[in-house]
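I've put the structures underneath this note.
Each of the two complexes below includes subunit A, the first together with subunit B, the second together with subunit C.
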Partner chain A sequence: MKWYQTNKPAVLLIPALLFLLMIVYSLVMAFAESIRSPEGWTWQYYADLFRQSQLIESLGYSLLITVVSVFFSVLIGWGVVRWFSSFIDEPAGKWLVWIPMLFPHFVWGYFILLLLGQSGLVSSFLYQAGWLSSREAFPVFTQDPYGIGIIITYLWKEIPFVILMLLPAYLQLPKQYGEVISVLGGGRKEWFKTVEWPWVQPVIVEITLILTAFIFTAYEVPALLGISYPQMTAVLAYEWFYGAAWEERSYAFGLLCIIAFILGAIALLSFTLMNRRRWLLSKSSHQY
Partner chain B sequence: MKKRLIGTAGILLLAGCNMTSGDQPDQELSELSWDEITAEAEGDTVRLYMWGGDEGINRYIDEYAAPALQEEYDVTLERIPLDTNEIIQKLETEKRAGQDDGTIDIIWMNGENFKRAKEGELLYGPITDQLPAFEEFYDTESLDFAYDFGTETEGYEAPWGKVQFVFHYDSSKIEEPPSTLEELSSWIQENPGRFTYPAADDFTGNAFLRHILYGTASSVDTLLEEPFSEEFAAQEASGMWGYLNEIESDLWRGGETYPGTLEELDRLYSQGEVWMTMGYNEARAESLVADGIFPETTKAFVLEDPGSIGNTHFLSIPYNSPSKEAALTAINFFLTPEAQLAKLDPQYWGENTPINPSKLQGEDQAAFEELDRGGTVLSQEELLESFVPEVDAAYVPWLEDAWINEVVSD
Partner chain C sequence: MKKWIFYVSAFLLFFIPAVLLIVKSFTPVWRWGEPFTFDWTLRGWETFLLDSRIFEAMMISLFIALVVTFMNLFAGIPAGKALSHSEFKGKSALEVLVVLPLFLPAMAAAVGLHITMIRLGLANSWLGVAIVHLVPTIPYTIKVMKSGYDRLNPDMLQQGKMLGAGSWHVFRTIELPMLMPSIRSAVFLTVTISMSQYVLTAIIGGGNVITLPIIYYPFLQSVDDTVMAAFSVAFAILPVLAVLFVELAATILAGRFSMSKRGAL
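Our next item is the complex of A and B:
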């Protein structure tokens, strides 16, 4: 019992450590699979990967969809919080934001398919109302080459997430600084520059990181709403993994290792930058 | 502390016993008589891993086969739906992890999956010479059972069914379906957006491509006789890529995308977006029409030129099946005339049987002859006339990759 008292923090950390161990283990195993061929260790799979136009286009396509989805999710979510934070804090507003969060991504994606597909609800309605000459005249929003359906699904799901993440930051904004600024003759611009932006910037960076990692590696929505070519990276990796050809499995592992490496590097970089900021903040004598 | 030690020792001992008693019957299984095997199987559970994408097939297993097997042999049948290549991967992983006590008892498969399983030594066998039903009712010398997509079966799989590739169309929209590849191509041009086929990594999509390959290669016989090599395949396939690229702009969505699976193509067909669907089972539309998914005006056709590819599909036992006796019992049951007759019934599966009808006796024979397979199923003569066998299994993964490069990516 005494031992437990003194080592309590360590004991409490065990589950987290075990979890971390599992992640590291699976990363190492995946990497091992990607450099192991029937003839022994090899870098051949990585060399092959970068020669495949399928992979290059897939990375570009995923990146485009990720950047667009994340950018607009953050922008719209942020705008909503800035101008409607007091409304969202009320029960009715909270519900409005919460409802899209309750549905899994896949359900939402399927909903988009049923709603916006060429034989979906909207096109059928327009056709029946006489506004469309045929259902095929409805523009292609799902399974389209630009990933519009995928982006719509993500916007619909991630904007509420951004709102919920940013809302506490806005509710706790130190309002008294506003008075200081106006006494010193500053306007809205100064308020934003000296108070609001430094206050919410860490949260926004964090949200951007989470969403980027999530969307860049997502499988279910692109599998449902994407097209045959190009495919998002996770869909491509899945197909390689389960394809009939044996060596493609190693490509899948290689591709996933590359993605893990890219995301890890981005996260590490931004955390280092953020920590420097936090350190500077802690050196100042301000107490909010 | 002492107690725990004894407990551990006990468990180890038990585990040891288990190992030996588990290993023993394996080695002697081939020496057991059929009665001894079924006696061993009593009370056991058999896990049948199989593709689960067809409602009619699933109902056949759950509503007919499982209760019948339980009653007749006291064997519990569990159906576990999984794509076949995923089943093989699961088995490969188990083999690499040295798991001698697996989770799979029976696999339903053929073609490139069998080739991979056999080459990876993942199967138990040979099994067919132990199955009384196979010996009694099947043409054991038939080439249909000796080769599976060009791979010698050597008794490692038992024939379960026989299917042929057919197209289904809505006869209220199409009066005269095409009967050759040229007619199909001109039909697609006249009806833009009304035809598509599943992507090449889908089982059905790949089979569709093999039809095009047959129709555009120098000759079907050379394709069947010449062993597979990438150079030969590329040379024979140039006509196929030409054909596919030519029709592409008139496909559904202008060929910008293809349905990822047969289920997706079926959905498009049932919504009227496309007017044709297809499938590697000449009777599969029966239950879909009955359930109201497909329109009642659905009918079938085959291409007379290049014909319709048909094949046999099989049941196998993995090397590490925990109850091989029960697996053998179940497979034998699936091969009996009564189970095959129920399978032919369009209410469930409606699939053709590999049984040799001349080996059946009076009542059984009559029952097979009398069964009405339904309005969407082509006559036996029509199917036989257009029948062509499968190519080498190596074409399947090759087509998957080449299709992406030659057709989709440009």
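Our next item is the complex of A and C:
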């Protein structure tokens, strides 16, 4: 009993630590697979990986879609929270924002297809209204070479996520500092610089990192709304994983390991650069 | 004015799409260029619910989601308590580590676990799929439960103990009822994330564990948007069912059921 009392946090953390162990183990295994060949250990797959023009194209394409989606999701979501936080906190507001969170990404992707496809509802409606001469006159928004459909899906799905993640930080902003600032003769600019930004910055960094990792490596939406070339990285990795050739499987492992390594390094770096105590974990209340 | 702008745009962007999907699931297929018809039909839902494959997939998805949810709560509630109510060396590092999986590609973890799952006989089984669904869910649950415990004053628990209650009794009667808002959020998140997994389920389930997304995906090629809409709406209904289930379990566990019958509450 005494041991239990002094080691209580350790005991409580056992399941969570097992989970972390599983993550570490899975990444080590993926890495082992990426350097294993029938002839023994090799770095050859990594060397070959970047000679694949398909991969270079895919990385550029994925990066572009990810950056655009993340940037606008965070920017718009942040703007919405700044302007409307008090209404979003009302039960009705919270429920409205929750709605897209209830649907999986691919369902929302299907909805975009249903709505904005060339034979979709909007196109059909515009034709009936006489504003569109033919189906082909409707711009190609889905399964298009620029990933517009993918970006629209992500914006629609992630803006609510950004709102719900940022909301607690805004509701807990120390408003009394505002009075201090105005007494000292400061304006909105000082308020933003000295109170608001330092307060919400860790949350914004965290959301940005989560969304970047998620969008860059998600399979579902690009598989549905993308085209066959260029493909987003996860689609390529999935195809390689199920590829018939041995090297292709190893490419899939290698590619995923590189991405995991880069994203993990960026995340750890941002954690270290930011004051850990100000990190979101201690602040957000996640009250949806 | 501001309030008005927010409600109108949220209504248009978030509520109308959901209503549109529901309406679509009760109306016949709309052909392009023809006026929208509103001859209400149950065909979409009939096809969806009477197909035994889909019905089984729905049950398996719900079952897996509930198993994932309970594993999440099992790991998340104690971890949240430890991270919130106690101080120990390396706590902030640990806080970073438990959320780190969110910043990594879940697919990397899935392909890494695949071979081990085969060796353990967990590949192609619902348990294997449930375990891989922990990867994208547990970090959120720990975060949510930690902030839940942040709002729960440790003195409350101390008081229960002083009055002679054991840890389990304190948990059932004080922590659980007070944590319900956080538990609800965690359950909602976990179930929707678990329901959203196509690629993780496909890799570990190997085509043997047929969850709803596994059927939905090939179905997307079909042109029958009445059935597809019913299918889509079902994805939003299941999390609600799961929350009701957890709510019921918590009520029974907290012993509130019998108390409210006796009029004690």
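Just so it is clear, the second predicted complex is superposed on the first by the 269 of 288 C-alpha atoms of A that agree within 3 Å, B and C clash if a C-alpha of one lies under 4 Å from a C-alpha of the other, contacts with A are read in each partner's own complex, and residues count from 1 in each chain.
The rule we apply is simple: a contact is a pair of C-beta atoms (placed from the backbone, for glycine too) under 8 Å apart; a residue touches a chain by one contact, two chains touch by 3 or more.
The shown structure was predicted, so the numbers you read here are calculated from the model rather than taken from an experiment.
Asks: If we overlay the two complexes on their shared chain A, which of subunit B and subunit C does A:L263 touch? Say first, second, both or neither.
Replies: second
Asks: Could you tell me if A:S119 is touching subunit B, subunit C, both of them or neither one (first, second, both, neither)?
Replies: Both subunit B and subunit C are touched by A:S119.
Asks: Check whether A:I215 is in contact with subunit B, with subunit C, with both or with neither, and answer first, second, both or neither.
Replies: A:I215 contacts neither subunit B nor subunit C.
Asks: Quick one: classify A:L59 as touching subunit B (first), subunit C (second), both or neither.
Replies: neither
Asks: With both complexes superposed on chain A, which partner does A:V107 reach: first (subunit B), second (subunit C), both or neither?
Replies: The second partner, subunit C, only.
Asks: For A:V140, select first, second, both or neither according to whether it touches subunit B, subunit C, the two together, or no partner.
Replies: first
Asks: Go through the superposed model and pick first if A:I148 touches only subunit B, second if only subunit C, both, or neither.
Replies: A:I148: touches no partner chain.
Asks: Counting touched residues of subunit A, say whether subunit B or subunit C comes out ahead.
Replies: On the superposition, C touches more of the residues of subunit A.
Asks: What part of subunit A is shared between its subunit B contacts and its subunit C contacts?
Replies: 119.
Asks: Which bits of subunit A are touching subunit B when the two form their complex?
Replies: 53-54, 57, 118-119, 136, 140, 143-145, 223, 227-230, 239, 242-246, 249
Asks: Contact residues on subunit B for subunit A in the complex?
Replies: So the residues of subunit B touching subunit A come out as 83, 85-86, 89, 112-113, 116, 193, 199, 201, 253, 256-258, 260, 268, 271-273, 396-397, 400-401, 404-405, 408-409.
Asks: Where on subunit A is subunit C touching in the complex?
Replies: For this pair, the touching residues of subunit A are 8-16, 18-20, 22-23, 25-31, 33, 80, 83-84, 87-88, 92-93, 96-97, 99-107, 110-111, 113-115, 119, 121, 123-125, 127-128, 135, 156, 160, 168, 206, 209-210, 213-214, 216-220, 224, 234, 237-238, 241, 252-253, 256-257, 259-260, 263-264, 266-268, 271, 276-277, 279, 281-282, 284-288.
Asks: Contact residues on subunit C for subunit A in the complex?
Replies: It is residues 2-3, 5-7, 10-11, 13-15, 17-18, 20-21, 24, 30, 32-36, 74-76, 78-79, 81-83, 86, 88, 92, 94-113, 115-116, 131, 134-135, 138, 142-144, 146-148, 150-151, 181-182, 185, 188, 192, 195-196, 198-199, 203, 213, 216-217, 220, 225, 228-229, 232, 235-236, 239 of subunit C that touch subunit A.
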